[in-house]
Amino acid sequence: MTLQFLVDLSGPLVMGILLGGLYALIALGLSLVFGVMKLINVAHGDLVILGTYFGFFGMTGEIFGHRLTFLGIDPIVSLVVGMPLLFAIGFAIQKYLLSRAVQISMEAPLIIAFGISLIVQNACQRLWTPYSRGLTTSYALDSFNVGVFNIPLVYLLDFAGALVVMLFLREFLRRTYLGKAISAASQDRGAAQLMGINTGRVYAYAFAIAMATAAIAGVFLGLTFPFTPTSGVSFLIIAFGVIIIGGLGSMLGTFLGGMILGLAQTMGGHVLNELGLPGAATGQYLILYIIVLVVLAVRPQGLFGR
Amino acid sequence: MRGIIHRLRGGLIPLIALIVVLAVLPIAGAPRSWLLYLLLFFLYLAMANMWNLLCGYSGLISLCQPAFIGLAGYTLVIWAWHGLPIYLGMALGAIVAALFALLISIPVFRLSGIYFAIGTLVVPEALRYMFLLWRPIGGSIHGGGAGYVLKGASDFSTAGVYWLGLGIAVASALCLRLVLRSRLGLGLAAIRDNDRTAGSSGINVFRLKLYSFVISAIITGLAGAIFYIYQSYVEPNSAFSVRWTMILILAAVMGGMGTEGGPIIGTVIVVFLHFLLARYAGISLIIQGTLLVIIMLLVPEGITGFIRKTRTYRYLLQLATMRAN
Amino acid sequence: MPEETLLKVSHLDTFYGSLQVLWDISIEIKQGEIVAIIGANGSGKSSLLKTISGVIHPARGSIIFEGKEITTLDPFQIVALGISQVPEGRRIFPDLSVLDNLILGSYNHRARPKKEQNFKMVYELFPILEARNNQLAKTLSGGEQQMLALGRGLMSETKLMLIDEMSLGLAPIVLNEVYKALRKIRERDITILFVEQNVRRSLEEADRAYIMEVGRVVLSGDVVDLREEEEVKKAYFGV
């Protein structure tokens, strides 16, 4: 009986870890911004979804209900344009909006990010309709077997993507001048300025990099799940949960936090299934939210937090 | 001239006159569309006053208000489903909202600032998913989800709901004023300035914030219940939607947080925007979002803050205080 | 070779909000000097340094460095021009290694090509830093952190080093090491302006000094002369 139990578990286990990769990928940008600027960007989820829609546009060429059929680029390939685009948007948001907001009051960045969130959501609705979409590429429906379970191939891509981006960010922060400047500015902004670091510009770059990451996360999200213009909030909450669990500002911690959250979700869903309770898809979101609330209540500094 | 200024400072008499005028409108034959816009104004004002209490005076950026609104609405609907009187259902809705606020405060109050904001963001979302899955009453529907019609809503005339709305708006303003003039209000002012020093001078920070939170839940819940009497159906996606929060933030920021008059002006603008943007429903969020960003950056104290800085206001204030001497 | 004026501060008035902390301050630093600004807590000496390095902007007055007006520039621009500040409390980056701290010192564009040379200089002056190269800065002792802070300042291809309250929390032995290093730094033609509370020691190490009280310069001159000044003796040496 135990062997069967373990075999049964292997599916959710693997799925949890791989799916956790997607959650980590989404959360990396949020974690970077928080680590550097002590700012939680509540528009993060919506900006990720914006990235998803850029991928959607590249793939289907659909905009305002018209179809530009000469497009038809694989979403991952379209990141070549999507990433610089979101990079620029992120740079502008930090440089012109958030940097001013921080000086106004404690609530101002939150409210401005909220405003940005509304703008992005509405824009996506107008450009690409409110209907549920998916990035249905040729490989989007492939799957492979683990035990008796079928695991979608895209989950594996999610994990790989998260690993690559996490490692890249970590090395960037450690080895490059700009990366070190970002770390320094997050530890002591004043001292960083005395090094000759233009901290205002460094913050803008950090935010821009976070947004470029969001573009990547958006594409992988679209490959994995259906999405609508209002999906952003759910993923903001998930990303927040990830960085709370994994420790704020640490790239590796965020990565692990994603795994943990993914596992919690799939294991929880598995248990629910075994108990015969309904509502698989929606229920899993609910499980995630409850986990986030519990973690917030019990240990807001996270498992790896300082 | 002096007499007018004196009465402006007096404040109470014109206010009562205004309320009477508003109350009489349905009888005086005002068109239904006016009444409905005013109803929205009353309900939003009640909620905005409460949000002001939380954010402007207690330092709590609560994104949790939709939870109170939706829960009160559902309580009302479930209550009425069993044939019980709607007035009681309203009261029960407010009580449920208050109890829920108490419950939620346990995890959420351990957080502060942005953590608190996101913690409160999770709550209505979780409720939304919960009610999408769970049908508390009625037969099962394909696809699940708890969308219901409010039984007995048709017993209410437009005037009836209108007067309920007026009532809750006035109640919210009174409540705000009472709180601010009480010891609770003093404590909150201290907390708003500095959480920690307030705590070390003996103020039970947690308890005061809890009072604000629960009070806001009660009135917001009542306003929500009245809204659902007007709308006469409830469904999870709109009941717990972030659009409620958006309206409140917009009203508070544009009107000016931390002032008594702020929510009033802000709500006027918000309802006016509703009216204006009805034609541009497709991009109304873009416009409102942009307004929010611009106002927060350029005029963060809102219109009341802005007016206070203008010379006209200061001149009038000078005249009034001279008169008092 | 006549000594040129490197830094000229004229009639500086600086405020913290509505509180005035500097009143009509004028000082002059010449190339190759070691100048001390001495005063008790609250005398405004740190504020003066912060005004020069651009952290605060004065309400009135001007600051001219190498003939250029730098009064309203941002700190990072001033560093690029050749003024480095070793801040009060050192403020090294605790979670970065010694090496990374030093690398960050060379962030500005004039300093990057000279990185290797400056590393050599810093390691010669403070060999202990090379030994602790890969350690996190927060694990260093107080004296080592001060050396790291100075090393960081040196990495920036600096012409004028501003040092704020170097001796705080340092044991006398360590302090001697650091002052020795300062003299070697001056030999490399780097000008030093340091701010101190300890009058006696400052007058031993500097060429010239300004004495500040409550936001004003009350005395100034060559240290030889200052040591003989009656007022100085009375106020600070209890004679």
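We call the chains A, B and C, going by the order they appear; numbering starts again at 1 in every chain.
Everything that follows uses one rule, which is that contacts are C-beta pairs under 8 Å (C-beta built on N, C-alpha and C of every residue); 3 or more make two chains touch, one makes a residue touch a chain.
Just so it is clear, the structure is predicted and the values come from calculations on it, not from any experiment.
Undergrad: Among the remaining chains, which ones contact both subunit A and subunit B?
TA: none
Undergrad: Looking at every pair of chains, which has the largest contact count?
TA: Ranked by contacting C-beta pairs, first place goes to A-B.
Undergrad: Whole-Å distance, subunit A centre to subunit B centre, using C-alpha means?
TA: 32
Undergrad: Just the number, please: Cα centre separation of subunit B and subunit C in whole Å.
TA: 56
Undergrad: How many angstrom lie between the CA centroids of subunit A and subunit C, rounded to a whole number?
TA: 45
Undergrad: Spell out the part of subunit A that touches subunit C in their complex, as residue ranges.
TA: 177, 180-181, 183-184, 187-188, 190-199
Undergrad: Which residues of subunit A touch subunit B in the complex?
TA: Checking each residue of subunit A against subunit B gives 39-40, 42, 97, 100-101, 104-108, 110-112, 114-119, 121-123, 125-126, 233-234, 236-237, 240, 278-279, 282-283, 285-286, 289-290, 292-294, 296-297, 300.
Undergrad: Within the complex, which stretch of subunit C touches subunit A?
TA: 53, 55, 74-76, 79-80, 84-85, 87, 91-96, 100, 103-105, 107-108, 111-112, 152, 156
Undergrad: Can you tell me which positions in subunit B touch subunit A when the two form their complex?
TA: That would be residues 55, 61, 106-108, 110-111, 113-115, 117-119, 121-123, 125-126, 129-130, 132-133, 144, 242, 246, 249, 253, 257, 282-286, 288-293, 296-297, 300 of subunit B.
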